[in-house]
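A, B and C label the chains in the order they appear, each numbered from 1.
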Amino acid sequence: MIQFRMPSLGADMDAGTLVEWYRKPGDQVSHGDIIALVETQKGAIEIEVFNDGTLDRIEVEPGHKVPVGTVLATIREPGEAASTALEPAAAAAPAPEVAPPTAPRPRPTAAPPPPAERVEGRAKVTPVARRRAAEAGIDLAAVAAGPDGVVGLAEVEAARRAAPETGAPAAAPRRIGIDLGEMRKAIAAAMSRSHRDIPHYWVSQTIDVTPLFDWLEAENARRPVASRLLYAAPLAKAMALALKETPQLNGHFVDDAFVPAGAVHLGVATALRGGGLVAPALHEVDTLSLDAVMAGLGDMIPRARSGRLRSSELTDATATLSNLGEGTSDAIMPLIYPPQVAIIGCGAAALRPWVADGVLAVRRVITVTVAGDHRVSDGRSASRFLTRLDALLQAPEAL
Amino acid sequence: MSGTRRITYREAVREALREALTRDDRVFLMGEDVGAYGGAYACSLGLLDEFGDDRIRNTPLAESGFTGAGIGAALGGMRPIVEIMTINFSLLALDQIVNNAATIRHMSGGQFSVPLVIRMATGAGRQLAAQHSHSLEGWFAHVPGLRVVAPATVADARGMLWTALQDPDPVVIMEHATLYNEEGDVPEDEDLAVDLDRAAIRRAGDAATIVTYSANLKKALAATDELAGEGIECEIIDLRSLRPLDDQTIMTSIAKTHRAVIVDEGWRSGSLAAEISARIQEQAFYELDAPVERVCSVEVPIPYPQHLEQAAIPQPHAIAAAVRKTLRR
Amino acid sequence: MSEADDRVHLTHEHALHLLREMTRIRRFEEKCAELYSGSKIRGFLHLYIGEEANAVGVMQALTEEDAVVATYREHGHALARGLPMNEVMAEMFGKASGSSGGRGGSMHIFSARHRFYGGNAIVAGGLPLAVGLALADKMQGRDRVTCCFFGEGAAAEGEFHEAMNLAALWKLPVLFVCENNLYAMGTALARSESNTDIRAHAAVFGMESEIVDGMDVVAVEAAARRAVHAVRRGEGPRFLETRTYRFRAHSMFDPDLYRPKEEVEEWRKKGPIVRFTDWILGTRLVHPDHVAALENEIAEEIGAAVAFAEEAPWEPVEELTRDVTTPRGAEVTA
C-alpha cells in the first residue's frame, strides 16, 4: 500500500487544504495523473500522483487543512488486495514524515462536491461567461473558478459585483485561488529563510542583445501573429543551455548537501497582478525548441496568474530566472529561492553606448546578475555561466 | 374565450377526425383496421357507422401500397388521412413517404403538391418490445419535403389534425401511444386549429431550458416539479413541430437561461436531440454557460420486461439530474 | 361509349400519326444518345428504342382527362402523351424551361397539364400512386382512367402486389401496362421470376388481363382500347402485358453483356417502326413521299428542340431550395 501524502510544494509550504478529490476509491490511477486539488498559500494546486495503482481509501476529506506529509489517501499497488479495515486507518498508518496531523482525522462531513472533470491547460470558461467578462472589462485570469474548475456566469457575475464602482478588473471573492495576503506571508518566510541561511554572492555582466533583437524582428516578420516569439523565450532557452554546462548552479541544497539536477527545470518568476510572485518551473527547457518554450510560457504564465498551477510546477525548479523585461531598471540583485542554489536576474533591455571592435556604437544591452549559493559554488562558476550565456545570445538563430 | 372541457387524447384524435370528415368531403381515413375494429388504438371507433366504408377505408396489410395510394389520392384532389398502426410498420412504407411524398413537388418542378396527412403511433412504455416501441421521429424529421409534428397535449391532438390538413404538403403526425389515455383540457371554442410553426412554452423559468416533445413533455414536467422543490425553475419547450424546428423559440429561451437539456426518446446517436444540440451550438454558443445535456434512450432495442423498458427510456430523475449538471450542482 | 370504340380505325391519317409518333420518339432518343455522348445530357439515360409501339399504341386509347404514371424509361410516354418536345429536351439538359423546371432530368418528367405523373425511378414505386389517383377519381365520381406503365421487373417488388390487390379489391379504374422487355436491367425474366407468366399475377387478384405483341402498334392500340373501355365501364382494373424488347442497353453505361447479339438482331428485324412502315407502304395506305416528309418534319422538330434546350436558361442557384415545400398561401395543384 502506498501512502499518498500532502506534498511539499515549496520551502514555504507547511500545510494545505484539501479542496477536492478528482478520483474516488476504486479508480485506477497512473503516474502523472492529477487526483486532487489542494489550496495553498500560493493558490489552488493540482496534485499529481507518482505511482500506478488503485485509489484505495480517502483519508482526508475536502475542506480540511492538514500539514505537509499527512497521508491524504492510500493507493493499492497493482495486484494488491483492497483494504478491508472498517476502522479508520490513521492509527495504523506510519507517522507522517514531516509533522503529525495536529487535528484528529477529520470525520466525513457533508458529501463532497461531485468529482469534476480534470482541469488542465486552458481554463474552462463557459462561452457566456467569456462574453460577459469581455463586456464588463473583467480579466478572466483574475476570476477564480468554481469547485469544478469552471469559470461560469456565476463566477464572472460575482467578480463584477465585487468591483462595481471602479469598473476596473476585479478579483472575485476567493473560495480558492490566490490569497495575496497569504502569499505575501509565504514570500516573507521563504526570503527570510534564504537571506538567513544562504551565503549569497552576486556576479554581473552586461551583454549586447542587439543581435538577439534583430533576429527576433526578422523571425517574427515571417511568422503568423499567433506563433510570434517573445524575447523571454530565447532568453530562457539560452539560460537553460548555459546552466546545463554549469551544474554547480543547477540543483538543490538539501540536508547540508548539494544535489545537482540532471535536467534544467527553469523557474520563471512571475509577478501577479495586485502583488505577489510565483516562479513555476518550465520543465527541461534545455531540450525544448524555441516554439515549445514559447508555448510552455504562454500556457503556464496565465495559469500562474489565475492560481491554477500543477504541483510539479511549484516544486521542480532547479534554478530561477527573474527577468525585469519591460521595466526600466538596469539590474536586479535577487535572492535565491531555497532549496535552489542559484537565481539569475535580468535587468531591462536598454539602448546604451557600447564599444564593439574598437568603435563606439549604440547597442541594446542587458545586465545579467547571477546570485549563487556559496555553499555550493563560487563566483567563477557564475562568471563561466555568464560568458557562455553571452556567447549563446550572440547567435540566436542557433538556439 | 369560453371555457374548457376535459377529454382523453384518444377522444381528441377521434373528435378531430370527425370534424375533418364533416367539414371537408375530400377527407377520408385509410389504414389497417380503421373500420369495424375501430383502429388499433380505437381512435376511429364508431366513425365507420357515421361515415361509411368509403371514407373510413379499411386497408389490407400493405403499408407501402396504401400509403402510396394516399399519395396518389392526394395528387388526385383528395385530402387523405393515412393511419399507420405503429412507427415501426411505417418502415414498410418509407419508400412511398421518402421517395414519393417528399419528392414529387420537387421532382415535378413545383407542379404537384401532395396534401397528405399520415398519422402513426410511436414510442415505448407499454411493454410491446422491440418491434412496436421505437421512436423514429428523427428519421422522418431528417427528410426535406415532409412536415413532422408531435402533439404532446390533448389540446394539440385535438387541434393539429385540422391544421395539418390545411397544409399543401405531406404532414406526418406522431402520436405517442402512451398518451392516448391521458386526459386534458381543450377549449370549448369552435376553432381549435393549432399553429404548427411555433413551439410552445409549457412552463416558464430561468434556470435552464428543457427542450422536448411528445410524451416526454410529461416527464419533463415531473422533473421540473422535483427541481422546483430545490428552487430551480426550468423553462420547458414543447417542440410540437419536429420539422421544421422552431429555432427562434429555443434560442430565445437559452438567451435567458444559458443552459439546455434536450429530452428525446430516440436513440442518442444521430438523434433529433443531436440536431437540436448542434443548432444551439451554431446559433447560441455565446449564450451557453454549460455544455448542452441530452437525455435520450439507451442504445438498445426496446426490451420487453417493464423494468428494462423503463430503464431504456428517459425518466424524470434523469432529466432532473441533467438539469442539475448544467447548473454545476 | 359504343363497342366500336374498341376497334382501331386505320385511316391514312391515323397510320401516318402512329408512324410519326413512333418515329419522333426514335429520333429524339437517338439524338439524346448523341447529346449524352457530348455531355449535354448527364445522369442516367434509359432509352426506349425498340419499345415505341407500346407507349404510342396505349396513348391512343386515353383521353386528355385520363392520368399517366410512368417509369424512369419514360421519354417515349411523355412524348406520346403530348408533352412538347422542347420541354422534354430542356428537361434532359436540366434547364429551367424543362417540363419539371430542370429539377428532375431524364427520369422525372412531369406535366400537370397533361396529367403526366412522372417519371418514377423506383421500380414499382408508381403503382401505388396510380391506385391512389384512381381511388380519388372513383371517390369523386369522375369518369377517368389512370394508366400505369411499368416493366416486368416490377413484378418482383412487394409494391406491385400490394397495389394490384388494392386496385382489384376496391375495383379502381386503373390500367396496368406491363412492358415486358424480358430483362430487368441485366437480369433475364427467368432468372428473377419463379413463374415467367407475368399475367398470372393478375389472375391471382381476379383481374382480367391480356397479352399483346408489343412490337405491333396497331395490336397494342386495339388491346389498350379494349382494356380502357372495360375500365371506364367500371369493371375494375385491367392488366395488359406487352411483349417487347429494347434494342439498346439498359442505360448508356451498360456494355450489354447479358444477352446474345443474335437475340438483339432477331428482335430488330421485328422492330415496330420498320414493320409498321413496310406494312402501310405495302398496303399503299401511305406513300413513301409522306414517310420522307415526316422524317424531315421530325428532324426539324428535334433541331428546334435542341436549340431551345441549348438556349434555355439555367435556374439560378439562389433558387436551390425552391419547390421543397409549397410556399405559404400558394394554391394547391390538383
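Here, a contact is a pair of C-beta atoms (placed from the backbone, for glycine too) under 8 Å apart; a residue touches a chain by one contact, two chains touch by 3 or more.
In this text the structure is predicted, and so the values were computed from the model without any measurement.
Comparing each chain's Cα centroid with the centroid of every protein Cα atom identifies chain B as the most central. Centroid analysis (C-alpha atoms only) places A farthest from chain C. Two chain pairs, B-C and A-B, are weighed by contacting C-beta pairs, with B-C ahead.
Rounded to whole angstrom, the centroid-to-centroid distance between chain A and chain C, based on C-alpha atoms, equals 82 Å.
If you average the Cα atoms of chain B and of chain C, the two centres end up 40 Å apart. Per-chain CA centroids place chain A at a distance of 57 Å from chain B.
Listed in rising order, the residues of chain B touching chain C in the complex are 26, 28, 54-55, 59-60, 62, 64-78, 80, 95-96, 99-100, 104-113, 115, 144-145, 147, 167-169. The residues of chain A lying in touch with chain B in their complex are 126-131, 146, 148, 150, 152-153. Residues of chain C that touch chain B in their complex: 67, 98-104, 108, 110-112, 117-120, 122, 125, 127-137, 139-140, 146, 158-159, 162-163, 165-166, 169, 322-326, 330, 332-334.
Those residues of chain B that touch chain A in the complex are listed here as 258, 285-290, 328.
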